[in-house]
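First, the structure itself, so that you have it in front of you.
A, B, C, D, E and F are the chain letters, set down in written order, and residue numbers restart from 1 in every chain.
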Amino acid sequence: MDMILRIIETTGFANLQWSNIIMIVVGCIAIYLAIVKNYEPLLLLPIGFGVIVGNIPYLQGLPIGVYDTVANGAPQNSVFSLIYWGVTSGIFPPLIFLGIGALTDFSSLISSPKSVLLGAAAQVGIFVTYLGALMLGFTNQEAASIGIIGGADGPTSIFLSSQLAPHLLGPIAIAAYSYMALVPLIQPPIMKLMTTLKERKIRMKPSRRVSKREKILFPIIVVIVAALIAPGSLPLIGMLMLGNLLKESGVTDRLAKTAGNALLDTCTILLSFAVGASTQAVRYVDGVNVGFLTPRSLGIFFLGLLSFGIATFGGLLFAKFMNLFLKDKINPLIGAAGVSAVPDSARVVQHFARKYDKDNHLLFHAMAPNVAGVIGSAIAAGVFIAIFR
Amino acid sequence: MFENIIQNNGFNIALSGILVVFSGLTLIATTIHLFNKVFERLHRGATAESDTVLPKKAAAIPEDVLAAITVAIEIYRKIHFETLQSQITFIHGEQQSAWKSGYKYGQRLSTLRKQ
Amino acid sequence: MDMILRIIETTGFANLQWSNIIMIVVGCIAIYLAIVKNYEPLLLLPIGFGVIVGNIPYLQGLPIGVYDTVANGAPQNSVFSLIYWGVTSGIFPPLIFLGIGALTDFSSLISSPKSVLLGAAAQVGIFVTYLGALMLGFTNQEAASIGIIGGADGPTSIFLSSQLAPHLLGPIAIAAYSYMALVPLIQPPIMKLMTTLKERKIRMKPSRRVSKREKILFPIIVVIVAALIAPGSLPLIGMLMLGNLLKESGVTDRLAKTAGNALLDTCTILLSFAVGASTQAVRYVDGVNVGFLTPRSLGIFFLGLLSFGIATFGGLLFAKFMNLFLKDKINPLIGAAGVSAVPDSARVVQHFARKYDKDNHLLFHAMAPNVAGVIGSAIAAGVFIAIFR
Amino acid sequence: MFENIIQNNGFNIALSGILVVFSGLTLIATTIHLFNKVFERLHRGATAESDTVLPKKAAAIPEDVLAAITVAIEIYRKIHFETLQSQITFIHGEQQSAWKSGYKYGQRLSTLRKQ
Amino acid sequence: MDMILRIIETTGFANLQWSNIIMIVVGCIAIYLAIVKNYEPLLLLPIGFGVIVGNIPYLQGLPIGVYDTVANGAPQNSVFSLIYWGVTSGIFPPLIFLGIGALTDFSSLISSPKSVLLGAAAQVGIFVTYLGALMLGFTNQEAASIGIIGGADGPTSIFLSSQLAPHLLGPIAIAAYSYMALVPLIQPPIMKLMTTLKERKIRMKPSRRVSKREKILFPIIVVIVAALIAPGSLPLIGMLMLGNLLKESGVTDRLAKTAGNALLDTCTILLSFAVGASTQAVRYVDGVNVGFLTPRSLGIFFLGLLSFGIATFGGLLFAKFMNLFLKDKINPLIGAAGVSAVPDSARVVQHFARKYDKDNHLLFHAMAPNVAGVIGSAIAAGVFIAIFR
Amino acid sequence: MFENIIQNNGFNIALSGILVVFSGLTLIATTIHLFNKVFERLHRGATAESDTVLPKKAAAIPEDVLAAITVAIEIYRKIHFETLQSQITFIHGEQQSAWKSGYKYGQRLSTLRKQ
């Protein structure tokens, strides 16, 4: 009888709290959005499942959760903590960038280099939010990690947090991926607000064809320039461009294939799951609750949304500004794609423009600021790393 | 209200950050642009020849045969290599991805059109 | 001349012992069974090869074997010890479960939930053997790790041993995998003994079709319930169900594909090889022989076989017991599939039943207790972890 | 003989272990059963419509054409996606795996049969 | 203004040195050779890219480069240092051998066992160069690691250096891979010098067919014999033969496929990139420049070329020597393939022979000494490990 | 000049190293050779039967049909399994790789030829 009581004590039922139940419901909602609404399912589904797993309570002392490491006093590093190490050490994001590089075609950017500026303008959101986070009392390191959410790039956000503010990694990662998934809901209202009907109907002429040589030179040029300007961006940009070179060289197809499939998928599953599992609702360290369900997380979510909005806003505004000087006007909508969130925000632009002129295909044009946005936010992350480390 | 910002030198950092991002990306854009210019100039002579050779070769093959060949090559590629599951798909007049058979086919056609 | 002698001293010939030769022959037999008899070749082949590699003697001090780590006094962590770390840290088994989940169809279980009880009944073998091991003088932790062999699940056995009795990992893993491979030899006699001719001929009516929604809800329900009941099972059940959700969701096919192929295969090769290589015939720690060729290993093999037998017995008996209450009788043979050993024991049931009625196809029905057995032994492992850590 | 067991509280542990395993799996079975019931009730209305629509559509296609389409889809699937190498294969009246073309085909046929 | 200066200080421009620019150019040349000349692109391309990344300067203190580990005083292990750990720990080379084994067909060797001696003769280059390196003042460990370059086997060279002379890993790896890529330039002149016109035209009769059983027994025999003779070769030979057994057994195709694709490619990308990134032009440790652009590296490159030349020379000479005793003369050119560099040097032989008799196909015959050379240099590495550890 | 070599016992080490490599590889060669001999002797009886059976079976199938079957099998294999991307390709009278359909086909033909 005594034994049965002891076993019941070890079950999760005995330790279940309301906050855990709330988080489990949140996890289920993420899975629902992934499957039914098809919002970034490759990320939201494992994250949602991770949230459920991470919020099942267990007796203190069992090495199960992502925070149960020998360093934290557990008798053994738990399996989930070993997976989570791939996140906190910062190694998963660059490997994911390697795979993304092996899948991305930068032709659009090469054929219209001026679109790069739109990718730069959207990063204004990062720095404005950094200021906002400082105002709310976050430290420099924390503020930078929160601001980067506006870069709309999950791996970049996670990488920066892992380097500057590992204790905020959970909410920042969740916020970044959530807003990326919600791009089709967040961006259109801002696009409507910022553009006139006439602007939305601007057609752009087809880009020139890009030669194989340019595609091969591109990753080499980008890595040298970006890393000289912001060496802190080297892990991300270096891997992104290595992957792209493997793809474009034409002589390393099998490496590009593995980088863009098995390696990318493995890192995606493990990173997303571990990030999800790191969102324990309540977690005490030295008597202080540093869990996920705290006002701090709410602040981060609010600032993240702000960051996203300002980034979209900045891209649109700068596109209109560029049109003052350009002979061949660009459609300002493609400025919204500067946030990155590849390729979702480019698709949103395409979809939005076709509502007003169904033969106006902006997808290819929007891809240029879109991929420039990836490079831009990696550089922004590099700047923060250089200053705050 | 701005205390924490000023204390942390926030405005300076934000401004210089934006500056670095802009100058970095501008430098990349400029370098690419320059390279493009250089190669265009270098190639003007080289492409002159091919312009006279390639079209004839291409013209000799009827378009429907070309299409058939393309399909055959595409199936061959799909069977013999695994395709990269591309996350990014471009809808564009003439497809540019080397992973699609439209590439070579499109190039030939475009040469025809430009005549 | 002196140098030549010194080199000869370093060769394996100079250090070869009879016990090593015996183990090398054992390894060759495992490879033979894998290739010629096709007994679980994906596991037995790399294990057998590992046994050969692990029993080639070398001069003390060279960092080569799986036990040569800095912690054990070696000048450097050997390559094999790094691979073996994936076993002892417990990370390979959950990753293998992730892949298995991405390949397993739980339809049969969803369509006849009552079969779950057969999967539970077969786990009685685990606990009876735990008692038997205690009787033979093993400690609680050791007895639990030995008992789990009856769970007929390699990764679960390895995971539990790595957490509770790492020093017994080698023989327990080998015993678990050997008996899984020998399921077609071990189970039929017990099935013959326990069933009447009439029972063997019972036909079961086709199961109902399972909807996609049920398949998606299943992994979420299982992980929540199982983990609340036995939080210690979370690493195994969590990963198994994540893999299954990736498969069934329909929106993450590429992740399921990688989890079920590249990741699963990589972990399988490395785990099986390392487990094999950990079976050094003779190994002295503080003057005590803790090698594989000791009476202790014989005891483990004996208890493992017992555990397997009782598990099969328990499943069959409980099926007959259930028939006392059921209107639509089940074929008691499917109770034997409750041990897990997916899908071999289900195949054995199918094959056995067709000997008596060649149109009686029980495979689909036997899969239900079969996969329930996997969940059941993971829960049993979770219980042991909760009590004995 | 039973000393070590008693000393280690073995009988209690074994009994409670069996209990937890049984109750865990029973709970899973019950939850699944309940969900099944709930969805069945929810769906009864929805399926009523489709019962009248789907069969006609299916009936309009001759079975041999259906078979041909199925084969074509299967080859297409095999070429364009890699198949998951399934460790577990079910031999069952109507295949259920979404990875086999038999899935959709079987469903339509079964609708026909149930009429 | 002050902030801008501080940021400019952190950029690479401020820290760029001539030596870095030279190395970046070297990296670009490697990429050029890989893409345009098709010299071992799977290795040279990621190495070249790594050289570029490794030579972009950054402010001291940022954890970016492969040498920035906590052990070296960095605040955090950099991502690149974590990847480089796979090289220095010696784990990537055996995993690469696992994949190579799963792709290699040893039929040619099995059908003409005497060719094995040619694979042994070519290893003379290793030991002669070892003596040469001693003469130039290198230590025993360093000399052995340099000599192994003549084994013409990247993973073996890296593995041996990681065990004996980790501080020379960069130049040794680069030298080994460079010369492997340059096999089509290095070997033909030596082949011309050492053979008569008549010898080059010798045709060899087709080898006998090899049974499946022999192919399965081969890896088991090789691992036992090689490891007994030189236990130090176990990590390399063991993995090579495990991969081959997975391929030839016919029952573990899916494991062989993963080992030879996803796993091999992943390790190849990460190893090549990390080796490239380890070539920082200038690097001070305790005030001493241990960078890549030092006379020491020149010495290693010179000795490596010597080693390669002697190895080719040795193989050719021994083939001529064997012809003195053989009834069916072998074409001495296949001796040059004994260096390994699979399958490039076998192809060079084929190509060279066809210049003199275009119907003389030596490729299959040259594969025998070629794969024997791999085993031979792994044994040589094992000998060095046994003596010098 | 040779000081460092002598001091480090270099000549001895080099010589014994070469010796070990040669003896190791020779031992491998010898073992393989012996195994080959043993199996040849064991198999002489077994192959005698199949020599009389297999050729007839093969002869019954016209060569062009054989070729067609081979191609069909090859496409089937390519579609249903991924091919191992072989780094090493052999150009040899009769291909030996089990991954090529030429394998079985070649074997049958060779039996024919040897008659």
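Everything below uses one rule, namely that a residue touches a chain if its C-beta (ideal position, glycine included) is under 8 Å from a C-beta of that chain, and two chains touch if they have at least 3 such contacts.
The model shown is predicted, which means the values in this text are computed figures rather than measured ones.
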item	value
Per Cα centroids, the chain farthest from chain E	D
Most distant chain from chain A, judged by the mean position of its C-alpha atoms	F
Whole-Å gap separating chain A and chain F, where each centre is the average of the chain's CA atoms	51
Cα-centroid distance, chain B relative to chain D, in whole angstrom	45
Separation of mean Cα positions, chain B and chain A [Å, integer]	25
Two or more partner chains touched - positions in chain F	13, 15-17, 20, 79, 82, 85
Numbers and ranges of chain A residues touching at least 2 other chains	7, 11, 229-230, 250, 254, 257, 261-262, 383, 387
Residues of chain C that touch chain A when the two form their complex	89-91, 94, 98, 163, 216, 220, 223-224, 227-232, 234-235, 238, 241-242, 245-246, 249-252, 254-255, 257-259, 261-263, 383, 385-387, 389
Chain F contact footprint on chain E (complex, rising order)	100, 102-105, 107-108, 110, 113-114, 116-117, 119-120, 123-124, 126-128, 130-131, 134-135, 137, 139-140, 143, 206-207, 209-214, 217-218, 221-222, 225-226, 229-230, 247, 250, 253, 256-257, 260-261, 342-343, 350, 361, 363-364, 367, 372, 375-376, 379-380, 383-384, 387
Of chain F, residues touching chain E in the complex	1-2, 4-5, 8, 10-11, 13-18, 20-33, 35-36, 39, 81-82, 84-94, 96-98, 107, 110
Of all residues in chain A, those that touch chain C in their complex	6-7, 10-13, 16, 24, 28, 31, 34-35, 38, 41-42, 45-46, 49, 52-53, 56-59, 61-64, 75-80, 82-83, 261-262, 265-266, 268-269, 273
